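The following pair of complexes shares a single chain, chain A, combined with chain B in the former and chain C in the latter.
Let's turn to the complex of A and B:
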């Protein structure tokens, strides 16, 4: 691995732990719904509230989802794995132990290639190793009333167990990351892969994907330094800011002759700082042991292949395909991360030029939608509409300017009418009927004798004035190229 | 009539019910009357509560923690109505049963013998409870037990001791002492207990009953409040082998809500029940031949082996070389699992809560007050055994021993169909005599834990009576343990039935301090050798 200098003489070392909430219909161990946002304690049952005597049963879909994501991250599926209990007391964890995987996770040894744009605009691929993906369960949510808003010192606490038992997949990277951009790229790419595989909506704002960063610094060439764990990173942007802040903080401490404490730190987004959450004086003893309520998970090779066959096209492959079709990388990234590919593929399948589709989707479509505050899905615009619009421009029926108006019209109609129909209804077609246009041109030539003489004398630029006249007469709907041709023909 | 009903076996009652000779309501009322006169309950209202421990008389058994009298009568009436309407009912429809208070039953408290769960009404039925209801077995109430099933005498209950109907100054064994005493006291023909390291077999031995721990995984644990998940198994108590087999047939069922429930069909324990001993090889375990057993127990065991031989079984000697490590391994694995299983009792969601300024302090105060000393001891042992630095030496090592014991059994079953040993090293001991010495108490389980660790089926049935060493002239039940290979509960039942037929043990408690049986007690056995 090449050394990336973070600050003068210092190297940054980051590993990420990403929790992905799987979008299964039901929870990890019971039949309760996983729908986000229900009234507190409505999606609960004896199992997920840890009632005495209740027992967990593994959600098969969660295992399938975990295996799919693991394979998307180039990991290997363990043929025999099992669950352990991680024992610790916390009120929002109903059983006071979390069922998790310990010595043998479902997936091990994957990696993710992250493309980072260098200062000169070229792309550099950085491979980040993934140690493991393990299955576990989410906890409930505590609401602490009074005082600090945290458990300690609260007047009283309320607990919502709706989230308790929702399947989680923890993706643990190796400490291979050397700069904030790679960390951000890793998280963004992971999000894109999670979405592509459909195992989660990966929404950081709803907590369906959560990221903790282990950050340390060292003088170049030294052994790994003491790391701190940063929590409460609610966006890709926070991740980058927090890493840079924390690394600078650690460097300052070390340069002052101090030492870094092993601790968990909380990222305060508004202040832009990390603060001590709790000090890890010693390694917490979770007393892991195999959960006797569950039997092992067996993933025979046939089963693994069955899951692998469900693998959708992944973001990196899509970007490569776009690039081959001539779509610039910046647009390709937008198409993938913005989840615009279904529209792109539909438009291209309907015969449109890839480059043109990419331009429209990342340009005017995105612009108009953002003005209207709409998602592409809600706009009613389809890939077929887009292909039709592009064809209308290509055959001269619409100018680019008119096409934008037609697009707005289609969106206004929420896709109930296609571009051709909208153009027709609103009279937005270019006048390209030769007979009609010739008549207008002849009239313009007849009424502008002086200009015509000028042109005949060799002043080619003067023709612009006549084109303007024709446009005025057709309310801008004349095809400029055709108008030009006809003027020259009539003037002779 | 009513009095005579309580002495009948479940099978006899079922036949009388099916023939219309008696109604389910009459059967249930007879048993409720027996409970009201012998158990020490306040027989009043819909649910009869047990008297406070201090208020119990010296002749009151205290098998029940609560008796769901109105619900039981209602169920009986419903059964009678449906039977009258011509509905086809299950083989034990209308037969009453006592349920160990470690299995949940909607609408009635489940305490697990602990103050920690006082007042908790479970929001769901255990699978066993559901199966019993579906079979129209009438649940009379919930029985006393060692707190969270930890103990061998039922003296660890937070609600007072249960007494042994054979000698009211002695323990019924444990942890399912309430379920055992209820059946021995003729308060119910059947009961359900749970067995983790011998908690059905040992009390069955001490109260002269048949008690069975089925193959691990054949009876669902859903709704069984866990002590040690990898060992816990519910099973029947009865006064005859056939009754136990009938009850096991009802409760053994694959359950998709229990991941450890075996998917394959459980063995039919009724089909070949009466096929006799012919051709069966009875394996005598060299390591469990009687060292450290009371002389009376050793004598009855020897007689049992002779009986087998006389009945045409082949006696073979087998060895379980690692059996000696069973007890220490068990007392590491079970506490380890318990330390985690009992973590959920924290005052947050149900049961006891002792208020304190912070959540952590509330947890600690609740657990300090809610758990009794034996539960705390095991939680501490288990927490220690799982701690980093000790895990390998304790939990992991014990798990290895467990595997070795399972292999020992596999090898032994190559030369024998059923293995036998005494169930318990002693007859019922006096109340309070072992409570101060946990190790002495743990030694009760020496013969029963190997089968628990291996998951194989095992039962105890009466093999005769013996004198208690501390009280000359007494005659107390001695149990014989039988073990069979995984999922071969049927072979074990078959051997037990043949043995029982030849022995003709009278399960009605007798002796100077025995529970007064009433005038309906048979005075003589009607065939064969009389055991006492």
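Let's turn to the complex of A and C:
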């Protein structure tokens, strides 16, 4: 691996732990619903609240989802794995242990290729090793009540166990990351892959994908330094900021002759700093042991192949396909991360040019939807509509400006009417009918004698005023190029 | 394997158990004995015996991803020491001491 210098003489070393909440119907060990935002403690039962005697039973779909994501991350599926108990006391985990995997996770030895844009605009591919992907369960949600509303200074915590027991996958990378951009690219790419496989909606704002960063620094050539674990990273942007802040903090401590303490630190987004949350418990303090309530999971090769056959086209392959079709990389990234590909593919299948479709989807369609606060799905706009719109521009029926109005119309109708119908209904077709346009041009020439004289005397710029008059008379529906031609012809 | 009194205190703290010095003195040899029994398993485990995590020769006990009714909230909350805003109210979480 080439050395990437972070600061003068210092190297940054980052590993990421990403938790993905699965979009299964039910929790990991019981039939309670996993729906987000239910009333507190309504999706709970004896199993997920750790009542004595309640027994967990593995959710079959969660194992399938874990295997699919693991394979999408180029990992190997373990033929025989099992579950452990991780023992700790925290009120958001009702059993006083979390069921997780320890020595043998379901997936091991994967990797993710991250494309990072260099300063000169070229792309560099960085491979980040993935140590493991293991199955576990989510914890409940705590609401800290007291004067400050935060954990520090709260006098009691109120617990909602709805989230407790939701299937969680932890994706653990190797400490292969050497700069903040690669860390951010890794998280973005992982998010895109999770969405492509459909195992989770991977929404950082709702916590269905969460990222912790293990950060350390070392003088170039030295052994790995002591790391700290950064929590509360709620966006890709926070991840980048927190890594840079924490690395600089560690360098300052070390250059001052101090030492780094192994601890968990909390990222404060508004202050832009990390603060000590707690000193890390050592792994032995968790007293992991095989959960006697659960038996092992065996994944025979036939089963692994059955799951592999479900693999959808992954983001990197889609971007390569788009690039081949002439779509610029920035648009390709937006099409994939914005989940616009079904519309793109449908429009292209309906005969539209790939680059034109990419332009519309990442430009005006995205813009109008964000103004209206709509998702593409809710807008009713289909790929076929887009292809029709592009065809209307190509054959001169619509100017680009009118096409944008037609697009707004289709969205307003929620797709009940296509572009041709909307253009017809609202009279938005371009006036390119020669006869009709010529009549208007002749009228404008007749009523603007002074300007016409000006043009004849050689003031070519004055023609702009007449084009404007024609546009006004046609409510903007005249083809500007044709109007110009006709004006010159009539004026002579 | 002998457990030192300090190790007994550490394990007790992890389990949130308060132990007196007398109890530590009594527990150290008892826990050491239990560990000794478990170690005997290692003596009979030969290289051709695969490690096992469960006494039953069962694998893949799973259920389909189908919802089942949850428990009524008042029944679940009845087990809470204190309830506020339909949630379990617990004392302030104190930071782990080192």
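Just so we're on the same page, the second predicted complex is superposed on the first by the 418 of 492 C-alpha atoms of A that agree within 3 Å, B and C clash if a C-alpha of one lies under 4 Å from a C-alpha of the other, contacts with A are read in each partner's own complex, and residues count from 1 in each chain.
Note that in this section contacts are C-beta pairs under 8 Å (C-beta built on N, C-alpha and C of every residue); 3 or more make two chains touch, one makes a residue touch a chain.
Just so it is clear, the structure is predicted and the values come from calculations on it, not from any experiment.
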| item | value |
| --- | --- |
| Which superposed partner A:33 touches (first chain B, second chain C, both, neither) | second |
| Which superposed partner A:89 touches (first chain B, second chain C, both, neither) | both |
| Partner chain in contact with A:295 - chain B first, chain C second, else both or neither | both |
| Which of chain B and chain C A:474 touches, first, second, both or neither | neither |
| Which of chain B and chain C A:61 touches, first, second, both or neither | second |
| Touching partner for A:50 - first (chain B), second (chain C), both, neither | first |
| First, second, both or neither for A:287, with chain B first and chain C second | both |
| Partner chain in contact with A:97 - chain B first, chain C second, else both or neither | first |
| Chain B or chain C, by number of chain A residues touched | C |
| Residues of chain A contacting chain B in one complex and chain C in the other | 46, 49, 51, 57-58, 87, 89, 91, 151, 157, 159, 285, 287, 292, 294-295 |
| Residues on chain B engaged by chain A in the complex (per definition of touch) | 103-104, 110, 112, 117, 120, 122-124, 126, 221-226, 228-230, 256-260, 336-337, 339-340, 343-346, 348-350, 358-360, 363, 383, 386-388, 391, 395 |
| Touching residues on chain A, where the partner in the complex is chain B | 46, 49-58, 85, 87, 89, 91, 94-97, 151-152, 157, 159, 283, 285, 287-289, 292-295 |
| Complex contacts: residues of chain A adjacent to chain C | 24-26, 30-33, 39-46, 49, 51, 57-63, 80, 82, 87, 89-91, 142-146, 151, 154-161, 277-279, 281, 285, 287, 290, 292, 294-298 |
| Touching residues (chain side chain C, partner chain A) in the complex | 14, 16, 53-54, 56, 58-71, 73, 76-77, 79, 84-93, 95-96, 98 |
